[in-house]
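So, here's a batch of structures to check.
First subunit A sits with subunit B, and in the next complex the same chain sits with subunit C.
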Partner chain A sequence: MIAELFQSISPGTLLATAVTTSAAGLWLLLPRGLGGGAERAARSLGGVLSLVALGCFIATGHRLGSVGEEAVFLIVSLLAVVSAAATIVARSPVYAAIWFAMTLAGVAGVLLVLGGQFLGVATIVVYAGAILVMFLFVLMLAQPAGLAPYDRVSNEPLLSAVAGAVLLGVLSLSIGRLSAPPAACCAMPASKAALLADAPSTDAAEPGVDLLADNHVARLGGELFGRHLLAVEVAGVLLLVALIGSIAIVSRGATADIEPAAARRAVP
Partner chain B sequence: MQSLLPSLPTIIALVKIGALIGGLMTAAAYLVLVERWMAAWVQDRKGPNRVGIPLTKIRLFGLGQPLADGLKIILKEDFTPKHVDKVLYAAAPLVILAASLAIFAAIPFGSSLPPIPALGLESEEPLLVAPGLDVGVLWVFALSSIAVYGVLLGGWASNNKYGFLGGLRSSAQLVAYEIPLGLGLLGVVLAAGSLKLDAIMDAQASSGIWYAFAQPLGFVVFMIASFAEAARLPFDLPEAEQELVGGYHTEYSGIKLLLFLVSEFLHMVTAAFLIVIMFLGGWHLWGLTGSGPVETWLVAVIRFGVLSAKILGVILFFMLVRWSWPRFRFDQLMNLAWKVMLPLGLANLVTVATVEEFRPQMVTAFGEGTAAAVAIAAPWAVFVLGWIAAGMLTPTGTDNSPIRTHGPLDAEHSLGSRPHDLVEA
Partner chain C sequence: MTPTDTLSPLVLDGLVVGAMLFAIGLVGILARRNLIVMFLCAELMLQGISVSLVSWSRHHGDWGGHVLVILVLTVAACEAAVALVFVLQAFSRTGRLDAAAWQSLRESNLPRSIDHELPAIDTVPPRFPTLTRAGIEPAADEDRLLEREHV
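Our next item is the complex of A and B:
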């Protein structure tokens, strides 16, 4: 019944509803420091609106192949989206960081479901495993005595909610248009097709062979160090420069730190 | 219309998961008993030898001890202190246990089973939960880096200074030692040409040269780093009892504490699996297991037995080390990671990469045998040089007081006991 209801609405209307409700929902959800019942009422209304928006976005999307695949995809993508919303909505920075880790887990799950094994695992290694642990480290050290008031509220809630919703709408429109003709799936077949079309025919890359499943890492490596060699090298040089720069900063900081101390000691 | 019954691959995967988790949990329980026996042996005691079959007088060398311990800790009161952050306090043990179990999706626990036509299995069935995962090593690496969340959150949510210090120490230690661990892994991955752990074992079996012999420096670096990642004794700063009352799990009791302790043991088991699979040949033993595909059940069982025996050996080594070494101080720990392990790991990686790059040319120019000899000799030369360099650059004194230098990374700065502050005061 709900499916029929959704089918009677045109996709354009559905998308417009999704965008407006998500903007309103996020605006209400963002912490504003009203305190007490007003804040609670606003946040519950915002939660309901955001759920409606989420439903509309799901309804505008296309269906994946098998039931199981679709179920897993829905679970991991909902995990990613809901925790992303919770990241910006959470009042405690530590909770925001944890929600961000959940987002990363969801994104990694989406990538794994769609066949991007390396990217999925690399997301966890780089973001969840290294960068976010550093964040947590700093957050936990930085606020032992509770939160400052300016940490509890969000700056410019209206502007940021509207900007985010507009971005969502534009992205869904363009991705929907990309994958519209075959009407098989949302984003991935388009990029898969692009990969298939652009891939240099090194080994048996017949059309229809799943490039992302067989010999995944070997193919990815071949692609990176073949077609994109220059980009990889530039990124490597950038990282090396950053490394040298950090060493330079550290050693200068040490002399700056020690000399005044020595001077102070010499005065009395 | 799709059938709602699970397909054969799903059933096989579920059976493997069940067998693996059951085996791991039992092994973790009995390894605790082995560890206590080992401790007793080192300290010249008898160790647990009383508990046998309940309600009888049969003792069975104390083999009932894990069951009794488990029952006792499960039945204890699951107490949550008032001052903790409830959500994260409850989530932390779950995160760490889930991560340390999920690692085993990519770790093979044997070679493979021969084809079983009666069940519809026409080809060999690998003893690995996720055989299609092409990034096995990275999967292991990713999930072992997720495990730090459990420790960090447990320490923070406890709202206790000892727990918090334990969590901080642990996160710094785990992040620092992930780098030498990764460098050790990369050498093996380069030499084997695959990120799949079963392919790495196959490569060692077909050449007959285990990577511990081909890359001694990588082996040592990886071994030490995995001790640190598992937080075993020379590196057990996160829960140093004498300083931190147990570290990040100070405030935990009952079943939640059990989850932490089990996942700690699983980390050690994972480390043993990785050391055996990547450096000690996995299921391969010269003249016993062969190196081709598995045709008979005998071969499958022998390979499983060899792998298990090697893993048990490495675990016993872990336990023996626990009673042989004192704990590092925190600055010594960091110096070891960044100033010793990192350069040594890089040296090994560069050597292996160079050798593998020029291997095809060497094979065409000098033949297969010479190329293999060079591929072994070069890492050994680097190993000896690295060992000598590390030995010559290490301070000769064993004075345990803070080192009096003024570098930014030195003990006084990081530990906050600056000498000039004292002078001013």
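Our next item is the complex of A and C:
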């Protein structure tokens, strides 16, 4: 019944509803320091509106053909998007970091479904295992006990939510255009198209199938250390520079801070 | 592949998910004031980009997107290392993780952002299940009294 209801609405209306409700929902969900029942009511209403927006986005989505694939993709992408929204609306930064870990799990699932087996695992290992733990370390070092006032308010929540929703609407519109065949005005001249069609295709296999064949990681490694060897070397140098740079900043800051800190301690 | 080829539904949905992650990260980086949460939102935007890159990689049957995502991971690690050092420095100078603590860096014609008095937090302390008391009550541990109840 719900599916029929969604099908009776035109895609444009659906997308407009999704964008409007997501803006309103995010605006209500962002922390605004109202306190008490007002904040709770605003957050519940924002949650409901965001769910409506998610439903509209799911309805504008495409059928993948097989039920299993569709269900898996829906679950992991919902996990990623809902946890991402929770990351930005969580008042406590520690909870925000934990929700971000959930987002990473969802993103890893999406990457797996899209055929990036190595990347799905690498996202979990590198992001959730290393980068997120570093964030949590800094939070534990620097976070005062309880909720700080600056965690309970947002900068211009309405304008930010509208900006994000407008960007999302524009991106969804342009992605929707990609699914339609190009209009007559924009189609390339027949001579050029024929030239392109005659050109020898570099990838003989069907698009997408090639990536999912055997020895995925081995072929990714071959590509990475073959065609993109220079990029790997540059990335290695970048890591080294970041390591040395952060150590240099910390050590210089530590010596500069000793005297003011000592002065602060001396004067009660 | 000719440019007139249409995208498969899975690629389109992947692109939409990437766009949603990017937009949510954008809202967070604009709205939140905690420096660490702002960096988390930047990472969120990078995740959206990664999903889009892998979708395009699947569409073109090419490894370029995957290689770019690996480079994004590397650069994100570097960025996190350097940015967290800056955050720690900012914290040691102001005692706050607040972006508004650095508003003296704003342009001269912009008004100063002023924090208003916030109503008190009415969070109920969490209640955990307890066991029934048995045996002798141990002496209170001094160190445990210094622990935070919540973060």
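Definition applied: the second predicted complex is superposed on the first by the 206 of 268 C-alpha atoms of A that agree within 3 Å, B and C clash if a C-alpha of one lies under 4 Å from a C-alpha of the other, contacts with A are read in each partner's own complex, and residues count from 1 in each chain.
Here, a contact is a pair of C-beta atoms (placed from the backbone, for glycine too) under 8 Å apart; a residue touches a chain by one contact, two chains touch by 3 or more.
What you see is a predicted model, and the numbers here were worked out from it, not measured in a lab.
**Student:** Regarding the shared-chain residue A:Gly36, is it in contact with subunit B (first), subunit C (second), both, or neither?
**Tutor:** A:Gly36 sits against subunit C, while subunit B stays out of touch.
**Student:** Thinking of the overlay built on chain A, is A:Ala130 touched by subunit B (first), by subunit C (second), by both, or by neither?
**Tutor:** So A:Ala130 meets both subunit B and subunit C here.
**Student:** Does the superposition put A:Leu79 against subunit B (first), subunit C (second), both, or neither?
**Tutor:** A:Leu79: touches no partner chain.
**Student:** Quick one: is A:Ala96 in contact with subunit B, with subunit C, with both, or with neither? Answer first, second, both or neither.
**Tutor:** second
**Student:** Should A:Val138 be classified as contacting the first partner (subunit B), the second (subunit C), both, or neither?
**Tutor:** A:Val138: touches subunit C, not subunit B.
**Student:** Quick one: name whichever of subunit B and subunit C touches more residues of subunit A.
**Tutor:** On the superposition, C touches more of the residues of subunit A.
**Student:** Going by the contact rule set out at the top, does A:Phe118 touch subunit B (first), subunit C (second), both, or neither?
**Tutor:** A:Phe118 sits against subunit B and subunit C alike.
**Student:** According to the stated criteria, A:Leu173 is in contact with first (subunit B), second (subunit C), both, or neither; which is it?
**Tutor:** In the superposition, A:Leu173 contacts neither subunit B nor subunit C.
**Student:** Have a look at where A:Val250 lands relative to subunit B and subunit C in the superposition and call it first, second, both or neither.
**Tutor:** In the superposed model, A:Val250 contacts both subunit B and subunit C.
**Student:** Can you give me the overlap between the subunit B contact set and the subunit C contact set on subunit A?
**Tutor:** 94, 118, 122, 130, 134, 141, 250, 253, 257
**Student:** Over in the complex, which subunit A residues touch subunit B? Could you list them?
**Tutor:** 66-67, 94, 98, 101, 117-118, 121-122, 124-125, 128-130, 133-134, 136-137, 140-141, 213, 215-217, 250-251, 253-254, 257-258, 261-262, 264-265
**Student:** Please name which positions on subunit B make contact with subunit A in the complex.
**Tutor:** 2, 88, 132-135, 138-139, 141-143, 145-146, 148-149, 152-153, 156, 164, 167-168, 171-172, 174-175, 178, 194-195, 406-409, 418, 420, 423-424
**Student:** So in the complex, the part of subunit C that touches subunit A is made up of which residues?
**Tutor:** Contact set of subunit C toward subunit A: 1-17, 19-28, 30-34, 36-37, 39-41, 43-44, 47, 50-51, 54-55, 57-63, 66-67, 69-71, 73-82, 84-89, 91-93, 96-100, 113, 115-116, 118-123, 148, 150-151.
**Student:** What part of subunit A is in contact with subunit C in the complex they form?
**Tutor:** Answer in residue numbers: 26, 30, 33-36, 57, 61-65, 69, 73, 77, 80-81, 84-85, 87-88, 92-94, 96-97, 100, 103-104, 107, 110-111, 113-116, 118-119, 122-123, 126-127, 130-131, 134-135, 138-139, 141-143, 145-157, 159-161, 163-165, 167-168, 171-172, 175, 178-182, 187-188, 193, 196-197, 201, 203, 205-211, 219-220, 223-224, 228, 231, 235, 238-239, 241-243, 245-246, 249-250, 253, 257.
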